[in-house]
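Consider the two complexes below, in which subunit A is the common component and subunit B and subunit C are the respective partners.
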Partner chain A sequence: MAAATRSTEGERKGWWHVEKLGVGIGWRPEIDLTVERLPGVDFVEVVAENLHVGHLPESVLLLRERGVPVLPHAVSLSLGGAEPVDAHRVAHLGALAEALDAPLVSDHVCFVRAGGLDSGHLMPLPRTRDALDVLVANVKAAQQDLPVPLALENVAALLDWPDGELTEGQFLAELVERTDCHLLVDVANLYANARNLGTDVARFLDEIPLERLAYVHVAGGEENRGVYHDTHAHAVLPEVLDVLAQLRARVDPPGVLLERDDDYPADAELAAELAAIRAVLG
Partner chain B sequence: MTGPQRERLAAAQAELLRALLADGAVPPGFDPERVRVEKRALLAKRRGIVAVLRPDVAAELGDRFRPLFDGYAAAHPKEVGTRFREDAARFAEWAIARGELQPPKKKRWWRRAT
Partner chain C sequence: MATQWTPTSAGSAGSTPEPGLEEQGFLVGGPGRAAEVAVVSLVEASAARISRGGLVSAVGRPRAGTSPLGSAVLRRLPMSLGDVIIATASSAEAQSLRQYLVGSGLVTPPGRRQGMRTARRLLIAAAVATVVATIVLELPFWLALGAVPVGVVGAIVLGRAGRPLTARGRDVVKRLKPLAVSPNRIALVAYYGLLGKVERHHVWEVLGIGPAAATTLRRRSNRGGSNGGASCGGGCGSCSSSSCGGSGSDSGGSSCGGSSCGGGGCGGGGGD
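This part shows the complex of A and B:
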């Protein structure tokens, strides 16, 4: 009996086992038909703010009918912002997860709004105890109102805050420890931060709890005047696939998803990028 | 409770966004060159979204779209609660008020098909 009732630490904490997702691509209205016909798309992601629960796009419903998991990905919760979380945004994300029968939802480790201004973008957080305390409180508040687990993604930064008290890996590890959230690791963002801020990729991967990895993002970008821009409008660099390989050397990720948001190429190019991702995963 | 942390974080984040989106000074400790790079990137993203939402405005302004939008954006940082469609509409109104853009012709439903 003792053996049967003994639980692992993960079970004690009620940790949810991440299901295998496979290889996927971000669904966007501009490439809906492409996503439907690309071979071997195991799952997709939708930008939560662009969908309405009562009027889901036909293409998204078709993918659901085929049994393809559709994961809502939010960009506006501003969980790292100083303001308390906007309950309406969380409710929308939760309602979307239920409408799509999604296994989890995600947003970013960032802030979007401050002082009455809206950056329209995912801004990096100061890696301080203050910022971590606020982020943790906001994430816990959001989790209370979400019907499914929440995964949080590392963002790409062009600038760094002064007086960081933690590395990015330590910051994320403590976030997971204190909230039981999952991680969505964007290897292109990690590459961007390595290029732009000097983030140590190996150390980042060593410091984050990879057992809490929900899935991975891969995206393209370009270098402009010595700064790497995570554009989602260019091809995926070999250097980004190399970061994916470094992650793969440590863990078999439950899922890997390609993001493309602009300057959409021919279907064959997206198929080739998915094939390149599969080749790295082995 | 996180009250004091929130206050300190709010001040720091607001100061950075004022530097990036409005005419605020670069906060101490930040690399001014990187703040310029980020400022340009945020402006380009906002301009790109408006161009997608209002291709008619971008097409009519042509080469003037970029400098005019950048002038508008500097004077009108995007405020919380403003949707991008509203941002695009306000830019169009701003350009019309300055005589840079033709006011829209009154549309009659029976003429729309022509």
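This part shows the complex of A and C:
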């Protein structure tokens, strides 16, 4: 599969432009048949850590046979951590990308491990220049060992570290500028941060380099005791689709993917959520 | 948690209602078959889904109107198809269903079955002992001549009396076969079991369940052990295996708890 093509602007900057992906859904073992049967699924995403290159799920192979792009999405590289990137995890992600003929891979702007402990969560980074330097170094190290472009996703946070020097948009923009990575914008995470931390959605979207957008995540969540939780186990809120609409007003995203990780609804409900996403994209 | 069995079919006042599908499954193939019916009923009602790899998971939130056995299934999800059938077959709800069917006069009480089996063994032993004694002690030959037919006839009578189903229960099973046809998907499961065959196709194939999911099922022995002994009207039902069909949600891949089902451990109709 042609992973990416150079655009005129991108060629000048040495950047690669992601081809159109369309509308997709996260492939999960529980809903493998549902994903196969849903109409109009243009691409899927798999959680890289859940797959083994040697024995890929039959459903994933079937989707590849149909020509559906399958994008590995990692959750454990811990690129924002102070420790060096785990070469084995990067190698696994790269091998998976090659096995699936994936156009790109992705992970998050976060850390998950420190001091030998694994948090089990995507922890936000302090938005300082020191933290950015660490992130940039780790991203560059990972990119060297990856056979395809890397996209990085904004996370949902329940706290902002003190003494931040950059807004989240500025932080991501500088990350892209220094590493040539792509962006995976999760509009549900952005909405969660707007609700919980007061992130300015419009400013975020204005500050990030949307020409480097690989694709977009959409997911559901719920409010609990005044805090919005990006659960991936509830329906997508209209407010999240509004954030997608704000993004769409600025750029035609190469792809938009619905994430659902628990309490899977009926096929018809997932189809309706995909239809709602398509309606926003126009 | 309500485990008291509630009949799944309506009946006229004052009469025993016609058995519902889970009850039918129990009569034909025991608690394992009833559990299969419960799982397939949930899938048919879009309350659960079976993945290509055999992982059964709930669809949305549990809803009202689910049978006790269906609730027992939902409580255990997500779980592989084979394992959820085994687990549900040994649930309190399955025991409650058995008690309900015993109370309805369709299933032989376990104590009575055990008593009949013991009496049969004693009778056969006595007949053999009589024959041996006749030969060894040179007793009158008519003793052996009488012991053999008494032993044979008695064993047959006691064996029939110790069957899992009562005469009424067997009559119900006989009436089920014409209803177990392809359009009636759950009735197919109740009568033949997921591993049973209809027109040279496995029932799981007819239902659209994938081969990988079917590998989590294991055929149960027709001859029950201490818990077994189904009437097995249309080929004995399936139990399950401990294998897990390609689920895996952790980096290390999936692992499913082992289970055991050999020797009729998953029971058959009317077993105890």
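Heads up, the rule we're going with is that the second predicted complex is superposed on the first by the 271 of 282 C-alpha atoms of A that agree within 3 Å, B and C clash if a C-alpha of one lies under 4 Å from a C-alpha of the other, contacts with A are read in each partner's own complex, and residues count from 1 in each chain.
The rule is short, and it goes like this: a residue touches a chain if its C-beta (ideal position, glycine included) is under 8 Å from a C-beta of that chain, and two chains touch if they have at least 3 such contacts.
Just so we're clear, the structure is a prediction, and the values are computed from it rather than from any experiment.
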Go through the superposed model and pick first if A:140 touches only subunit B, second if only subunit C, both, or neither.
neither
In the three-chain superposition, say which chain, subunit B or subunit C, touches more residues of subunit A.
B
Would you sort A:119 into first (subunit B), second (subunit C), both or neither based on which partner it touches?
first
Between subunit B (first) and subunit C (second), which, if any, makes contact with A:64: first, second, both or neither?
neither
Under the stated touch criterion, which partner chain does A:178 make contact with: subunit B (first), subunit C (second), both, or neither?
neither
Is A:227 touching the first partner subunit B, the second partner subunit C, both, or neither of them?
first
In the superposed arrangement, does A:31 touch subunit B (first), subunit C (second), both or neither?
second
With both complexes overlaid on chain A, does A:163 touch subunit B (first), subunit C (second), both or neither?
first
Which positions of subunit A sit in both the subunit B and the subunit C interface?
none
Spell out the part of subunit B that touches subunit A in their complex, as residue ranges.
2, 5-10, 12-18, 20-22, 28-31, 34-35, 37-38, 41-42, 45-46, 48-49, 77-82, 84
Can you tell me which positions in subunit A touch subunit B when the two form their complex?
81-83, 111, 113-121, 123, 126, 129-131, 133-134, 137, 158-163, 196, 225, 227, 229, 262
Which of the residues in subunit A come into contact with subunit C in the complex?
28-34, 36, 49-52, 57-59, 76, 263-267, 269
Tell me, which parts of subunit C touch subunit A in their complex?
46, 49-53, 55, 57-61, 78, 210, 212, 246-251, 253-254
